[in-house]
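Remarks on the structure that follows.
When the chains are written out, they are named A, B and C in that same order, and each has its own residue count from 1.
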Amino acid sequence: MRWFWIDRFTEFVSGERATALKCVSLGEDHLHDHLPGYPMMPGSLVTEGMAQAGGLLVSEYYGFNELVVLGKISQARFHGRVRPGQTMTYQIEVDTLRPDGAAVTATAQVGEKCHATAQLFFARMGDASQQPRGPRLFRNHNLLNWLNLVGVFEVGVRPDGTRLRSSDYSLAERGSLAERGSLAERGSLAERGSLAERGPLDEALPDKEAPCAGAS
Amino acid sequence: MRFWLLDRICSYEADTELTAIKNVSLTEDYLADHFPEFPVLPGVFMLEAATQASAWLVRLSENFAHSIVVLHEAKAVKFANFVTPGHTLRICVKQLKRDGNLVHTRFQGEVEGRTCVSGRLVLECSNLAEDHRWNGILASGSNSSGPNINRPSGDGSAEVDCGAERLAEYARTDQNMIDALRIQARILTKNIPTNILTKGEPRGNLPTKSSNGIHVASEQPN
Amino acid sequence: MPSQEEIFEKVREALVDALGVEDDEVTPEATLQGDLDAESIDFLDIVFRLEKSFDIKIERGELFPEDILTDAEYVQDGKVNEAGIAKLKERMPFADLSKFEADPVVQNLGQQLTVRDMCRFVEHKLATA
């Protein structure tokens, strides 16, 4: 199970609102247990879709420099059932963006029918430039990859209509292989150390930090 | 990945409370994305664990009278602390009230005495056969449901034929779901006496088992 | 300007919705953190609801001056000093700080904030708007 609960944005207006789609497919494991013999989307994962769309909207407003996590589901309500083959449309509206956190109102529709409404609160865990107050969640290239997958830079605009571009943020600095040059340019594995020391090939040139190991 | 967010039901008292645990292990695949540098149980999985615990409380208390017991509303769900791999989330659910087919619960989840999640839930109980029978009756405006009734069902599908044959099919689906859930319950409640799993306190307005084992809708709505 | 009773009703509604508590748990004397189990993320929710309900703007630290409580000039050994208490009184004219003054341990302030203090805060905001 990948932890991507939106498939793509169709609208993304910085600091204001976003629209994202989630296709529901029998190819997803969880549907075969929820419920056995009658698959339907669980409310918790619909909520996560809304939270991911809202979380990226909030995080972008702070230049993706902030750690933004879901702190509270003030209310989430569900109507009817969402079945395989259906597509949900999540609409997110920013309610408030404050130094101490952010709130969004979210809805999930299937066609014209409202399936869910929610109000979500996000905690901000500190500006990276001022010493983050919490753990690091993503490496920049993980986040950039996700943003590209869901089309933030394909549809994203500021309120004045100017396009959002990945180069506007400091995500690429420690970033992708494309930026750093190919493996062939940077020399053989034997020169640069073994995989065991450096990590898998699909990561950016790893620095000497400890690998992801569930540090709390 | 299996969508089983509980590993063991530790105790339960019908219509009152239930406690269960969820182990978090690095082998769980969603942790690779949540988050790559800091794997933690997602908040909504804490919510799902609490939802499943509440659903089991309902199912065990009413002897699996409903095939579908799902989240209708979540309120004031707060995520206070992270749950990292190698730790066990203990969920305690208390039933606040039952209002027809809606069951209200309050829950708390903790790791080694530290609260990680808390909130309130409302769960909705239903059976496919009952849903579609009532949809058919409401659509026809009469007491009998004939064939070719066109009305959106609870799952939003466009047209539903609520004739007797179709209803029997839904009833079979209900039974299949319940059979699968009973097996899951046995795995989760390994240490709880089996007589608690099979005995329930039947209520007048819940479906009863007919002699051929298929749940038959009662005359009264949920 | 709404009456005190109207203010209390709206504050109670905000707290019931934000904290998931029952109507009868929200009494004027009930403490937000102690009796109603409010935490920092809840304060964000509560502030948001009060802003919408009363059409007011509440800045960070206005309801709960965490900046004073974390300032070394005002806090020594986990207790708020005289200067700090004076500053708190200035920032929180709506709150009854007498109990806190008697034992000004930092954690106590949050623990002692009551529903009545919150209603008085709203009255104060509406009067000075």
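We take it that a contact is a pair of C-beta atoms (placed from the backbone, for glycine too) under 8 Å apart; a residue touches a chain by one contact, two chains touch by 3 or more.
All of these numbers come straight from a predicted model, not from anything done at the bench.
**Q** Using C-alpha centres only, name the chain that sits farthest from chain C.
**A** B
**Q** Quick check: more C-beta contact pairs in A-B or B-C?
**A** Top pair by contacting C-beta pairs is A-B.
**Q** Distance between chain A and chain C based on Cα centroids, please, to the nearest Å.
**A** It comes to 34 Å between the two C-alpha centres.
**Q** Could you grab the centroid distance between chain A and chain B? Build each centroid from C-alpha atoms only and quote it in angstrom.
**A** Taking the average C-alpha coordinate of chain A and of chain B, the gap between them is 28 Å.
**Q** Per the centroid of Cα atoms for each chain, what is the distance between chain B and chain C, given in Å?
**A** Chain centroid spacing, chain B to chain C, equals 39 Å.
**Q** What parts of chain B, by residue number, touch at least two of the other chains?
**A** 75-76, 78-79, 119
**Q** Enumerate the residues of chain C that touch no fewer than two other chains.
**A** 17-18, 41-42
**Q** Specify, in ascending order, the residues of chain A that touch 2 or more different other chains.
**A** 71-72, 74-75
**Q** Name, in rising order, each residue of chain B that touches chain A in their complex.
**A** Listed in rising order, the residues are 1-4, 26, 29-40, 42-45, 47-48, 51, 67-68, 70-79, 82, 84-86, 119, 128, 154-157, 173, 176-177, 180-181, 184.
**Q** Give the list of chain A residues in touch with chain B in this complex.
**A** Going through chain A, the ones touching chain B are 1-4, 29-38, 40, 42-45, 47-48, 51, 69-78, 80-83, 86, 110-111, 113, 135-139, 142, 212, 214-216.
**Q** Any idea which chain A residues touch chain C in the complex?
**A** Spelled out, the residues of chain A in touch with chain C are 71-72, 74-75, 95-96, 98-101, 103, 121, 123.
**Q** Would you mind writing out the residues of chain B in touch with chain C in their complex?
**A** 75-76, 78-80, 106, 118-120
**Q** Report the residues of chain C in contact with chain A in the complex, numbered from low to high.
**A** Touching chain A: residues 17-18, 40-42, 44-45, 48, 51, 60 of chain C.
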